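Input: a single structure, listed below in structure tokens.
Labels for the chains are A, B, C and D, by order of writing; each one numbers its residues from 1.
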Amino acid sequence: MFKGRTITAYLLIAGFVLPILLLVMLTFSANWVYPNFLPERFTLSNWNEFLFKNARLKQSFLNSLIIATAVSLFATAAGFITSRWIAYHKRRNFLLILSYFPYAISPVIFAVCLKFYFLKAGIAGNLAGVVLAQLIITFPYGIIFFTSFWNRKVKNYVEVASTLGSNDVITLKKIIFPIAKQFLTTCFFQCFIISWFEYGLTTVIGYGKVETLTINIFQFIKESNTYYASLSSCLLVVPPVLLLWFNKKFIFQQTR
Amino acid sequence: MYLTLKNISKNYGTLEVLKKVSLELQENKTISILGKSGCGKSTFLKIIAGLETAASGEIILNNTNISNIKPSVRNIVYLFQEALLFPHLNVFENIAFGLRIRNVKKNIVAEKVKTLLQQLALEREALKMPDQLSGGQKQRVAFGRALIINPPLLLLDEPFSSLDVETRATMQQLYKSIAEMYNITALFVTHDLKESLIMGNQIAYMENGSLTVYNNKKEFINDMKTGVEGEIKFWNSL
Amino acid sequence: MTSRFKNIIPFSMLVILAIIPLVLGIGYAVSYSFGLTGVLNNGFTLAHWQTALSNKDVLMSFGYSILLSFVSIVLCVGAAAFLAFYIGDKLQSGRLSYFLYLPMAFPALVAAFFFFQFLSNGGFLSRFFFQLGFIKTIDDFPNLVNDKYSIGILAAQFFLTLPVFVLLNLSIIKNENIAALKTLGASLGAKRSQILFRVTLPVMLKKSFPTVVLFFIFKLGTYEIPLLLGRSSPEVISVITVRKMQRYNLLDIPQGYVIAVLYAMLVFVLLTLSLKPSKINMNV
Amino acid sequence: MKRFSVFLLTIFVVLCSCKSQKEHEITNPANKPWDSILATAKGKTVVMNMYQGFKKGNNYMNEYVIPTLQKEYGITLKIVSGQGKEIVNNVMAEKESGSAKGQIDLCWINGETFYQLMQIEGLYGPYAEKLPNAKYIDFTDPIIKYDFQTEVKGYETPWSKSSFIVITDTARVKKIPVTMQDFESYWKQNPGKFTLAQDFMGLTLLKSWLVEIAGGIKELEGPLDEAKYKKYSMQLWDFVNRNKKYFWKNGETFPASNVTISQMFGTGEVNFTFAFGNSDIDEKVEEGLYPKSAKGFILQAGSTYNTNYIGIPFNSANKEAAMVVCNFLISPEAQIKKSDLKMWGAGLVLDYSKLGANDEQKFNDLPKLIYGLPEVEIKQKSIKETEPKYMIRVDEDFRKYVIDAK
């Protein structure tokens, strides 16, 4: 009985770790010919290329980083403020369903429906446009995330503080922020990851001109460039894994 | 009169929660308001504290009409059923909160908090976080947090209802002594008959949004709807 | 009044970032599908709706997506319930619990790419079997990607979603105090199987239902995984929408918008059903 | 709530009613003196849509074209993935939304894409013949003058010529199938070892078979004849459908791109792959992907021979810079580099006889193909492209009658 459970646990874990190991292996590979399990030789050249030569991958990494940071900062802040308004609103449920909609709908379909307006506004194919487009899906996520924060208890804390003589600004600084700190960081990182992982919306609104890591991966897959695709996959997976090591909560998001 | 409430009404949609409630209270006195849950007690207190606005009526405290003043300026402290201690602050800082936001000097804050901690028998708990306290201790901290700013009026919304019988008795005594020491004027809401009799200098009864204020305890006991008589009969029949 | 002014900011943010894009996006799709916008469109017509709805591939795509999402969710929910009960304690705390979160560090695109490298005929598994002598040639290896039974897609989605449901179940077991309920059931004389089917599973299902529906909706809109691991036909909704919008025959584009509108309606209905008042609970 | 919905409705109506404005009639930049074009081009960034499925092609662009343009003309060239339908779609979306500053300045196109871009007036021109380096190109050559039988009229710059070949492995396929009949019997004996992609490569194969069914390209010349197309294409779909059970994965799915097929050819999963351009085999053998026994051959119908071009979208904001890039890409230097097997190995688009002695020498000094077909053989068997509509119809019907048919 005990043994069966241990084996199951380790098998499960092995299933989760294997993809990372194999992807990492591919990044160090050259001439991976069928039917050999291992490549003919291991090489640093792919990494060498990324770190010292290929400006494109580095730029994509940077783009991904900039977009994700901007998106998650704004989505967290805006989501926090807006969710408070919605949580105490009479039509709370209606507004929430409205917020769920852009979050639940397929980003790529949403993007093809919105592309026209982005073109019209002249923000398709640039960083700002991609950030805005990603905000359209992460901002509702922020709202949904924070609605559970604005419960009766928090409302009561605010009321207590105000009867003790605290004005709105002080209450925000001394009561709400400290209580919400954990929520805010978690939301930030989850929005960061949503943005970091985004492909469909980014490729449609970004025109492929705004190259992010996911866009790179897809291009490499199209070119059948397995080694580079693995390399950019690893770049994409490493930051969330680090976050995980830092705090499990940060990466617990609703994987699509 | 120190506190005068005139014809306070409130409704949620078509539901009338408060029907022209009026009340007068002298300085340094506590009035008990007895009522079953959902009779409008909490709304009543929230309106006095300024956390909710009344549909009509006036609140006059110390000769000033405070009906339209923001809660943070009214200084009327509202104590909830739950202690609602700020979870990120320790006992000392919870009590100090009212002074900290008024930018009171550090040494004065320390002194005042220390005195209160003594009076509330919380000295050993000063550095604990709220989740390390017992129910009674939490309520005492909440008291301390309220008292430190010398509120002109204290609103207590069933503050002891979640405590066990013994702690409750201790707290009631503690409140009485503190109320005397600090010259507190208070509205004390409870659904416990005995508690209402113990705590109040004056007693009122609320039902379906209407308030009956009794001139003395005798009148209160004689009123059928308060259920006092039934209670007395029960004990006598034993 | 000040409170009114304070509400202006959240209100306008909601309108600008959520409601306007929603209305504009769907409005555009609707008007395009009826021939009201678009370079090659000239005026109101129901023709695109008629063509799209009479096209077998469109209807099949909806059927296929729904079936695929359903199977994928059932697999995940079933396996997650089993794992949560069987080895829940091991996954809840300790070093192993960290590994449970690993798949969440994978974007769908990378998961799809990995499963292609792993399951395709030239992939890791096939090579492994070859080395072990299970297969003689590359053709002996079964079709696991771009295959008839969508095994590749299901595998990738299972990998991505399983941890979410395991964690969900673990938290429900903890919060709903399932252990106590089980004891209670037993003290009332219920047999083990009765406890499972009358107490444990109903409680778990009821509690996880909104999340399950939400994930069903997510799966309906999935794009990258079926794009890389699916077959040319039938296609899932996202893939067929994008393909219809990128046709050589430009007159087919409105059909893509017909699909988008239908899909949006489906999502809206599902959302409204699952998010009945007070069921909103994202914090699993 | 009511007020709110009215507000939204208003916004929507306003946004919808903004009809795409007519682009301004600007004076054709191509008429300006070249010096001033060069001056305007300096410091600009040019975005180019390009099919990125050729690794060597990407290398040519990244390692040679981009740095040289930067150094010699101060132009930053940015390559963005995109081809055929995507390009047409993007240009159309921009047209619809009336965006005056296009996202893309250059695109690598030909055939049906060109035809469609012309259909929606999505290309800028005419300009190609005004480029200084146009002097090296013979614009009267029918293979350059007509792109899939559509006259180019200066709306595209020819970039290279290439021909369609089939690749197989002589170690695996002893008797190379050439006719459709050969293939049919090969498939029956070797099930699962053949497939075609849903991209231009697969479509070209289908068109080659259409030509074979029609009994030669002569029959399909000129504008698409509905009756003829119906007759021959029905035979084609019948042919594919009755045999697809012998295809890879029983013909239940077809790879999106020929890149996948080439990979599978490398691993031995399939025995045939396809290429535009004769140098593909040499490249991939050298790369280690194809076995040395790989061999190219030409189908019964002949080798479809076409030119691929570069176009400038109508709303490019950097037309001058785009023209400078075009001009550079057809310079003898860039073209000879491009023909180099070590670079790309693409077919020269310049008229050999117009090259200077120096360039001629350089071109002749390039390493010769080892595995590819002799150029002469391809020339002999080359056939011209059918009209673009054939491509469009074959694409549609392949989906309708084969992929979606159950």
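By our rule, a residue touches a chain if its C-beta (ideal position, glycine included) is under 8 Å from a C-beta of that chain, and two chains touch if they have at least 3 such contacts.
Quick caveat: nothing in here was measured; it's all calculated off a predicted structure.
A.B. asks: Taking each chain's centre as the mean of its CA atoms, which one is most distant from subunit C?
C.D. replies: B
A.B. asks: Point out which chain occupies the most central position, where each centre is the mean of Cα atoms.
C.D. replies: A
A.B. asks: What whole-Å value do you get for the distance between subunit B and subunit D if each is reduced to the mean of its CA atoms?
C.D. replies: That gives a centre separation of 82 Å.
A.B. asks: Could you work out how far the Cα centre of subunit A sits from that of subunit B, in whole Å?
C.D. replies: Taking the mean C-alpha position of each chain, the two centres sit 48 Å apart.
A.B. asks: Can you compute the centre-to-centre distance for subunit A and subunit C, using the mean CA position of each chain? Integer Å is fine.
C.D. replies: So the centre of subunit A lies 17 Å away from the centre of subunit C.
A.B. asks: Measure off the straight-line distance from the CA centroid of subunit A to the CA centroid of subunit D, and report it in whole Å.
C.D. replies: Comparing mean C-alpha positions, subunit D is 36 Å from subunit A.
A.B. asks: Which positions in subunit A are in touch with at least two other chains?
C.D. replies: 34, 116-117
A.B. asks: Can you list every residue of subunit D that touches 2 or more other chains, as numbers and ranges?
C.D. replies: In subunit D, 15, 96, 263, 267-268 touch at least two other chains.
A.B. asks: Quick check: what residues of subunit B touch more than one other chain, meaning two or more?
C.D. replies: Expected reply: no residues.
A.B. asks: If two chains touch, include that pair; go through all of them.
C.D. replies: Listed in label order, the chain pairs in contact are A-B, A-C, A-D, C-D.
A.B. asks: Could you please specify the touching residues of subunit C with respect to subunit D in the complex?
C.D. replies: 15, 19-20, 23-24, 27-28, 31, 36-40, 56-57, 121-122, 137-139, 143, 146-148, 231-233, 245-250, 253
A.B. asks: Spell out the residues on subunit B that touch subunit A in their complex, using ranges where they run on.
C.D. replies: My answer: residues 46, 49-51, 70-78, 80, 82, 84, 86-89, 97-98, 100-102, 145-146, 149.
A.B. asks: Over in the complex, which subunit D residues touch subunit A? Could you list them?
C.D. replies: For subunit D paired with subunit A, touching residues are 1, 15, 18, 47, 49, 52-53, 55, 58, 62, 78, 80-82, 90, 93-94, 96-99, 101, 103-104, 257, 259-260, 262-263, 266-268, 288.
A.B. asks: In their complex, what parts of subunit A are in touch with subunit C?
C.D. replies: Within the complex, subunit A touches subunit C at residues 5-6, 8-9, 12-13, 15-17, 19-20, 22-23, 26, 34-37, 78, 81-82, 84-86, 93, 95-102, 104-110, 112-114, 116-117, 135-136, 139-140, 143-145, 147-148, 168, 196-197, 199-200, 214, 217-218, 221, 226, 229-230, 233, 236-237, 240-241, 243-245, 248, 251-256.
A.B. asks: Per the contact definition, I'd like the list of subunit C residues that touch subunit A in the complex.
C.D. replies: Subunit C reaches subunit A through residues 6-7, 9-11, 13-14, 17-19, 21-22, 24-26, 28-29, 37, 83, 86-87, 90-91, 96-111, 113-114, 116-118, 122, 124, 126-128, 130-131, 138, 159-161, 163-164, 167, 214-215, 217-224, 228, 237-238, 241-242, 245, 256-257, 260, 263-264, 267-268, 271-272, 275, 277, 280-283.
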